[in-house]
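Letters A, B, C and D name the chains as they come in the text, with residue numbers starting at 1 for each one.
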């Protein structure tokens, strides 16, 4: 019962701030709302007993990506003073399309999984597992990153991706020599 | 596991009280007579010229960028470190390769000169 | 006592909000924020399925971490592009960035 | 009567929770109350000890600078000086700068204190005296302190002030940079203990990790200095450059909240250093002493030991502040990216490799010796590289031959012309030279 209350609070935080992200004209406020949304999602992870990923969400999304976004907002800030609508010309079509796709998703989920809580129906509540399994899930994940029958290839690919992202961003963002830095 | 986080949840719920109490107390105890001059932003006595949200160097973005990469690295390395007892030499080699690839990024940034503060 | 479908519904809603942001915003940074929301929705799904179906294996958490990585890389490169475009064209409004049309 | 004695004994043995469970039975409601009580006690402790910390720091700094420090309010030792300051802050007018962003401006001081308090949840004070022993404790600390960096941007942006925004940007760049070596240094205790739980790391320290990994400890300490924004890394404030940094527009208790968070954080990192590298509350097993009637009095010993260690580390913070001048912003960032980060990468590389190569049955002392030897070797090599680089740098400045070094070091120095300056009159346009003179005024270098 208390878990359900917590779930609804977190879902409300996540969705309200997500809507604020797409609706607010002031980009700085939108970035703040984005952070609140990330926080809500981190709470959802913790509710799903993935505490490590909840904290990783905090570390990466709020501690790093949000800072990148806010820096970018500051650097392109002249845009923020426009009084015009934050939406582009296809806003109505986007709204209809989004609502339609959401409706389809709801119907599909409703068909596949029970919507009411209950232990008797399958997936009506989180299956009980040995606490040790949850307790060791972080170390197990670490092990599977680097074991040969695990995910060592995606793991190394992730580091190559990060390297490429770093090098690429520096090449793109760094002003070429001679170019006047007019930021 | 979830019981552990119950404490954190209570902490998060209660902790705003502790900073809010003094701030609200200050609001109640302190005087409140605002006037336009008092509310001017501080700029060493002269009036603010131009708009405040001036723009900043690309440098800040680059530092944040390198930080993001190492932050992700932490997300990978901490679970591996927690599982250190069960790792074999192959796993260590994979981790070392991972760190080495990211160090490459740092070396690139260094040699490119983007880490120089100008 | 939370059924799996609630998490999936939350994720679907978050995904839709993000999708709307991507489709309807003018500012490129706002579009990127929408993409981040969609990636978060994906992660909720991954972790919910991990917890409900395979809690004794690490596959869900592992891929959630990879999504996190991709999100960070995407944000880094995307924002670098936006800053670069802004420097050259003085705008981050996607409706004005139509160089390829001409 | 026996209940009161039980209560007193429980208080003395820091096992109030057990007392409540004994007296009122166990139920989820009681557990919830115990948790709430724990949160309140922990937070109140953190807030109140700041009053003492500020007084202590002022006294210590004063002694280091050959002053007396607070000596009026509350007796000879000025013991109530901070209380008077708090009262002063409480009676200040709250001023809202014009054009400030209401939400960010007001949320920032609150959030910074929340973040500073939340990290204490995993601090082990004594055996069993810990908010909650998360199995990802160290990662939790990093996540919270990393997320708290955002607060600076909130404060800087919300204030509608150039100095505040500039200060916030600088502060974020600095804190974000120093988080990298800190994360990498923290990996070393985690590898050595094979767990991220703070209590588990203490349990693994039959020999303090300071002896296993002095280089990691040093990197962690330096990064924590920068994270809390203390001298020599107090660029966030830099009174002489950007007036006060991101909290320039804050007054009264809102400013007080930033101040408070800074001290709480400093104490926290001291405690974390004691926990991760000095063995925390461990004191030759005495901390686990349980009396015959079942009260774990050893916890009190553990608590005292923990605070002795923590305050020793804290004293070094104050000592550094009393000793070192502030460094420049480019020096801060270069020092981090070109020294600390590469060094910690190499360190983590070697520690991960060596600890695996040590056979499983090795005793802690032998293991410690191998790690210590590795660390000393690494420190020696680092110093050697630095020495070579320094010599190269000096030689490149002096152009290879002899005493021209000073001129190259100070190219704008009007008086420092060396021997080869006669052939190349590069400073013709200097104002203090006789017009048309081909011969620079030769003032010998002393």
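General remarks:
Methods note: a residue touches a chain if its C-beta (ideal position, glycine included) is under 8 Å from a C-beta of that chain, and two chains touch if they have at least 3 such contacts.
Because the structure is predicted, anything quoted here is derived from the model rather than measured.
Across the two interfaces under comparison, A-B and B-D, the one joined by more C-beta contacts turns out to be B-D. Located most centrally within the structure is B, per distance between chain CA means and the overall CA mean.
Chain geometry summary: the mean Cα position of chain B and that of chain D are 15 Å apart.
Rounded to whole angstrom, the centroid-to-centroid distance between chain A and chain C, based on C-alpha atoms, equals 6 Å. For the pair chain A and chain D, the distance between mean C-alpha positions equals 30 Å. Across the assembly, chain A contributes 3, 47, 49, 51-52, 56, 59-60, 63-65, 67-68, 71-72, 74-75, 78, 134-135, 138, 140-141, 143, 145, 158, 162, 165-166, 169-170, 173, 175, 181, 183 as residues in contact with two or more other chains.
The set of chain B residues touching two or more other chains comprises 1, 4-5, 8, 53, 56, 58, 60-61, 64-69, 71-76, 78, 81-83, 87, 92, 95, 109.
Residue positions 134-136, 139, 142, 146, 157, 169, 172, 176, 179, 196 of chain D each touch two or more of the other chains.
If each chain is drawn as a node and touching chains are joined, the picture fits none of the line, ring, star or complete shapes.
Contact annotation for chain pairs lists A-B, A-C, A-D, B-C, B-D, with touch applied as defined. Interface residues of chain D, counted against chain B in their complex, comprise 32, 35-36, 38-40, 43-44, 47, 89-99, 109-110, 112-114, 117-118, 121, 131-136, 138-139, 142, 146, 157, 159-163, 165, 169, 172-173, 176-177, 179-180, 183-184, 187, 190-191, 194-196, 243, 248-249, 252-254, 256-257, 260, 329-330, 333-334, 337-338, 341-342, 345, 348-349, 352-353, 355-356.
Considering their complex, residues 65, 68-69, 72, 75-76, 79-80, 83 of chain C touch chain B. Of all residues in chain D, only 101, 103-104, 134-136, 139-140, 142-144, 146-147, 149-150, 153-154, 157, 169, 172, 176, 179, 196 touch chain A in the complex they form.
Chain C meets chain A in the complex at residues 1-10, 12-21, 23-27, 29-30, 32-34, 36-37, 40, 43-44, 47-48, 50-52, 55-56, 58-59, 61-62, 64-66, 68-77, 79-84, 86-87, 90-95.
Contacts from chain B toward chain D in the complex involve residues 1, 4-8, 10-12, 14-16, 18-20, 22-23, 25-27, 29-34, 36, 38-44, 48, 52-54, 56, 59-60, 63-64, 66-67, 70-71, 73-74, 77-78, 81-85, 87, 89, 92, 95-96, 99-100, 103, 106, 109-110, 115-117.
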